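The same subunit A turns up in both complexes below, where it pairs with subunit B and then with subunit C.
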Partner chain A sequence: MTESLLEVRGLSKSFDGVPAVEDVSFDLQRAGTLGVVGESGSGKTTLARCILRAIDPDVGTVRFNSENGWTDLHDMKARDLVPLRREMQMIFQDPFSSLNPRMTVRQIIEEPLLVHGQRNRAKRLDEAIHMLELVQLERDSLTRYPHAFSGGQRQRIGIARALVLRPTFVVCDESVSALDVSVQAQIINLLEDLQKELGLTYLFVAHDLAVVRHICDRVLVMHHGRVVETGSVEDVFERPQQNYTKLLLSAIPSPDPDVPLRPLDRQALGL
Partner chain B sequence: MSEAIALPAGAPAVQAADEQQLATITPRELTWRRFKRHRLALASGCFLGVLYLIAALCEFISPYKPETRNVAAINAPPMLVRFFDLDGRFHLRPFVYGYDMAVNPDTWMREYTVNPSKRYPLEFFAKGDPYHFWNLARGERHLFLAKGGYVHVFGTDQLGRDMFSRVFYGARISLSIGLVGLVMTFVLGIVLGGLAGYIGGWVDRAVQRLTAVLLSIPQLPLWMALTAALPPAWSPLRVYFGVTIILSLFGWTILARQVRGRFLALRVEEFVVAARLIGARKMRVILRHMLPNFLSHTITTATLAVPAMIIGETSLSFLGIGLRPPVVSWGVLLQQAQNYQVIVMTPWLMIPGLFVVLAVMAFNLFGDGLRDAADPYNTGGQG
Partner chain C sequence: MTAPVLEIRDLAVEFKTDTGLTRALRNVNFDVPRGEVTAIVGESGSGKSVTANCIMRLIQPPGRITGGSIRFAPTASQAFDIAALEDKDERLLDLRGGHISMVFQEPMTALSPVHNIGGQVAEAILCHREVSKEQAWAEAAQMLAHVGIGDIERRMTMYPFEFSGGMRQRVVIAMALVCNPEVLICDEPTTALDVTIQAEILTLIRNLQDELKNSVIFITHDLGVVAQIADHVVVMYQGRVLEIGTVRQVLKQPVHPYTKGLLKAIPGVVDPGERLATIASVVGDADITTPFPLIKLSDGRQVSLPRGHVPAELKP
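What follows is the complex of A and B.
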């Protein structure tokens, strides 16, 4: 269980000269869950999208341990990436804009199979039904359009779409932050169950530290596009080394309503 | 679950009753449902449908050919189609009274008085002027004709030509110029706007500048200049297409901007990113994910561009530089009504103007309704 699935080295990306991600390096273990935390604008989403090549990074290498051995994603042409898309997928933040409103649930879930050459209608349908069961949605959802579903249900559809190709690596880009707390818990449990069942590796981007603490085993703390601290969840949450991490941690509300929230002062920490 | 149904305000009637059904209906049905609630737009749509049907069948609907002259009735006022004669007796077959004409010794104008002894019953599907329907089939049946006399529901012009017939022959030209121009506008707008939005870079800049330049030139003088440049020896048909092309050369700019904006907005939409991450090719992303999500809006914009085309044709022909007689269009007809003598003496020559107003208004209302109904989920940016 210590085999690496992903190696990121010196990844940088800037938009119009403004750096969004600077010199980020990390390894991701197979079947592990790496949390990427930080405030809005700290470059978490850009990092996630650079890894999947939704955005082209400026410099740096992303090596992915695919079925056919290690491949460097950064060097590949968009066309050559297509077969690799089977193995790495993304679950999006906004359950309302991540599903095409003009397609039925069946079309949405079957599309990845179609794109990857599954021409057999019956097999595609079987797969779609199986995925719906996995994400615990009713079978009659297939003929419906996304507008008929609630946020949590839509997120389940998004998960089904991401997993229908049986990827090994899944990027969850703030996948639960747009949901109600109770629904969040359901989706997180679903993600955990799926991880066990399918042996998935997650890169979990979030700003909600309580969620990260619950689901991840390693954490990467980002600030202004740079990695400020990295380590196991216990280390980072119990023994933060950096002021920025301490600041973030101080902003987590306690489950006990009598414990007041006392966020640290930015100025005092020199941030 | 109901909170996820992103219907706008004013839809509660549909919402609760058949939520179950709503979940499975297609976007097209949803659009149609919302459009149906827009009564005025629906009525306008029906009106336009009837108008286009009449224009398509104008050889049959109109009692005479547009160039047929009735020398007995020059500048004659509209005739009333009656069921009751002057004695108050009812006749199942509608009829018109013929005119007696006298020249007024003071004004030298022809004055018409109804002569009850000239009772012309209307005959339906009667044989009259032979015509060549759409240059495809010959025929001589007309929807109605007056037996033993003449019928001019909208009166006649200076040469004794039936205005009713001419209005509908004119409708064929004036209404079709809008549609033909629309197709060209649509193609130009989508292709140029799509290229600008998708490729970006210098293509985008070039299209943007071109749009800005075209939009900054006052349209009417430019139209005038371009139509004046059409060779005078051209046949009426070529002039017709020339005018259409000129009108659509300027119509595409707004559409192109809109398409470009949609492309830019949709390109970063998460479901489009999702499609790319699945590994879908460019064409699939554009055709399957982007196009369906802005096409309805584009069609709406295009619908709103039709009345501009109709007005454009009418203006140019009115000024005498668009279509020219013997072609009959609403603008050409209105050109006859240019002097103020008409307003006083023969106001029925302005009836084509009424049709322009009605058609343009109907198109605008129809387009408004379409626009409101076009985006059932209000996604993909602002409308």
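What follows is the complex of A and C.
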């Protein structure tokens, strides 16, 4: 049996009295990939941010199985979180706005090392070169700026930056949504290869259900900030129990012209 | 067989950039059949949006149309070449929003934030027809009801920020259809929307097209959307047309290696856990960058391949 890397219990967060995430609980297995799906406004991103403590949840607990054993993230001081941040990283959606245009690729990839106290210049450079190989970018990319790269290449740079600290847990927030289908396929393959090679655990936030089905082994369906259904990808996609999940699945257009789109009616389902 | 509403021949567009001339379109050839939905698919940079902008004559410096023709044949008047019109030709004013109108990807930027919804739809009518403001307002209300917006009287005096993304896209569609255009160009109209709202908007566009029988050009990179909305498909890559055919021909029996790659790269086509095919791996050694002229195959489709690479059973 695999062990858990993360335990979330009763997590809630509201903004100005409007609930964004309500009473969310789940476990994340080490080396697994959990998909979080739902429409915009369902609370996917807020949930991801609460887990990483990028924002503070109102109530609830988040326990993380770190190198030094189980740690409660929710009641840690910001300063004490810093060493843990090495183990938890994020890959963002937009490969354009998530990279500083005034920094070279070398500076971008080395920055997390600097933040976490790696003062040895040669070691930083070695790490950066190694990361570039890992994400399949040319070595001469180091001296160039983000504008010189395509969207797919920039996303590789963002992945290199996220992985340079050797995290165990990576949150991918719509990390392939902004990419063309062929580039998307390359990045999905890369994420899967890296997971196998480095034993990564992914929390994969996405609105594209086909992508989630491909890359995840478990999935969490969110609606109005609550988890309405959770289970293995196969169970949820093949045998959805909840009306909201059925609605989402019925809305996916099939690439087969002989499978007509018949979206369910939200009102008729009482949603 | 009625004549196509648009015949695009050898269309070429160039953009002058700091690093030289970029050929955004090279010898683009295809027809838009009257009263049906033609999808243009391709990745970013393939030239699909540039093609749409050419039809509306919205290419601006540093870009320009350097060759070719766009023959537009309205049902009620003389056919003419859109590409050859002077910038000041009055027919362009009739054309844009009148004969041909466009629905853009991002409904928030397509709408004015400082004018109310009713006024914006009514303005489209006032631009093209001699009617009173009251008449235009009444027709706008009718059109908004038609695209599925309820509680019309109140909603018409509201502003875009008070609407959800799906509702705004319905408003943009109402604006585009209010002058009953012969051609409706939809440029990635559902890309910014949630999958559930996308399904509603696709169903709306399809139903309106069935009813109004206008010709639709639907630009998208999503092959699932293509399968659900299109009758015909034009596949573009690097400013060229690689394959043209009916939706079943192109999506179920693609001939061009690039089309095959595009289809195999969609997650959901292979079993979960299997590696996704990338276009490079499917295309392999096949040459997809040399601009071969389109060949008409025995089943009616057209493909840009050297003669030797056409499958034997489809040889013309």
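Methods note: the second predicted complex is superposed on the first by the 270 of 271 C-alpha atoms of A that agree within 3 Å, B and C clash if a C-alpha of one lies under 4 Å from a C-alpha of the other, contacts with A are read in each partner's own complex, and residues count from 1 in each chain.
Keep this in mind: a contact is a pair of C-beta atoms (placed from the backbone, for glycine too) under 8 Å apart; a residue touches a chain by one contact, two chains touch by 3 or more.
Remember, it's a predicted structure, so these values are computed and weren't measured experimentally.
Enquirer: With the two complexes superposed on chain A, say which partner A:40 touches: subunit B (first), subunit C (second), both, or neither.
Expert: After superposing on A, A:40 lies in contact with subunit C but is clear of subunit B.
Enquirer: Name the contact category of A:101: first (subunit B only), second (subunit C only), both, or neither.
Expert: Only subunit B is touched by A:101; subunit C is not.
Enquirer: Have a look at where A:85 lands relative to subunit B and subunit C in the superposition and call it first, second, both or neither.
Expert: The first partner, subunit B, only.
Enquirer: Touching A:248, do we find subunit B (first), subunit C (second), both, or neither?
Expert: Only subunit C is touched by A:248; subunit B is not.
Enquirer: With both complexes superposed on chain A, which partner does A:214 reach: first (subunit B), second (subunit C), both or neither?
Expert: In the superposed model, A:214 contacts subunit C only, not subunit B.
Enquirer: In the overlaid three-chain picture, which partner chain does A:181 touch, first (subunit B) or second (subunit C), both, or neither?
Expert: Touch status of A:181: second partner only.
Enquirer: Quick one: is A:261 in contact with subunit B, with subunit C, with both, or with neither? Answer first, second, both or neither.
Expert: The second partner, subunit C, only.
Enquirer: Could you tell me if A:151 is touching subunit B, subunit C, both of them or neither one (first, second, both, neither)?
Expert: Both partners.
Enquirer: If you lay the two complexes on top of each other, which residues of subunit A touch subunit B in one and subunit C in the other?
Expert: In the superposed arrangement, which is not itself an observed complex, subunit A uses residues 151 for both subunit B and subunit C.
Enquirer: Tell me, which parts of subunit C touch subunit A in their complex?
Expert: Result: residues 43-44, 165, 194-200, 202-203, 221-228, 230, 247-248, 251-252, 261-263, 265-270, 272, 275-280 of subunit C touch subunit A.
Enquirer: Which part of subunit A faces subunit B closely enough to touch in the complex?
Expert: Going by the criterion above, the answer is residues 49, 52, 54, 81-83, 85-86, 89-90, 92-94, 96-103, 111-112, 115-116, 143-145, 147-151, 153-154, 158, 161, 165.
Enquirer: Touching subunit A in the complex: which residues of subunit B?
Expert: Within the complex, subunit B touches subunit A at residues 1, 3-6, 22-27, 269-271, 273-281, 284, 288-289, 292-293, 376-377, 379-380.
Enquirer: Please give the residue numbers of subunit A that touch subunit C in the complex, ascending.
Expert: Against subunit C, the touching part of subunit A is residues 39-40, 151, 180-186, 188-189, 192, 207-211, 213-215, 233-234, 247-248, 250-261, 263, 266.
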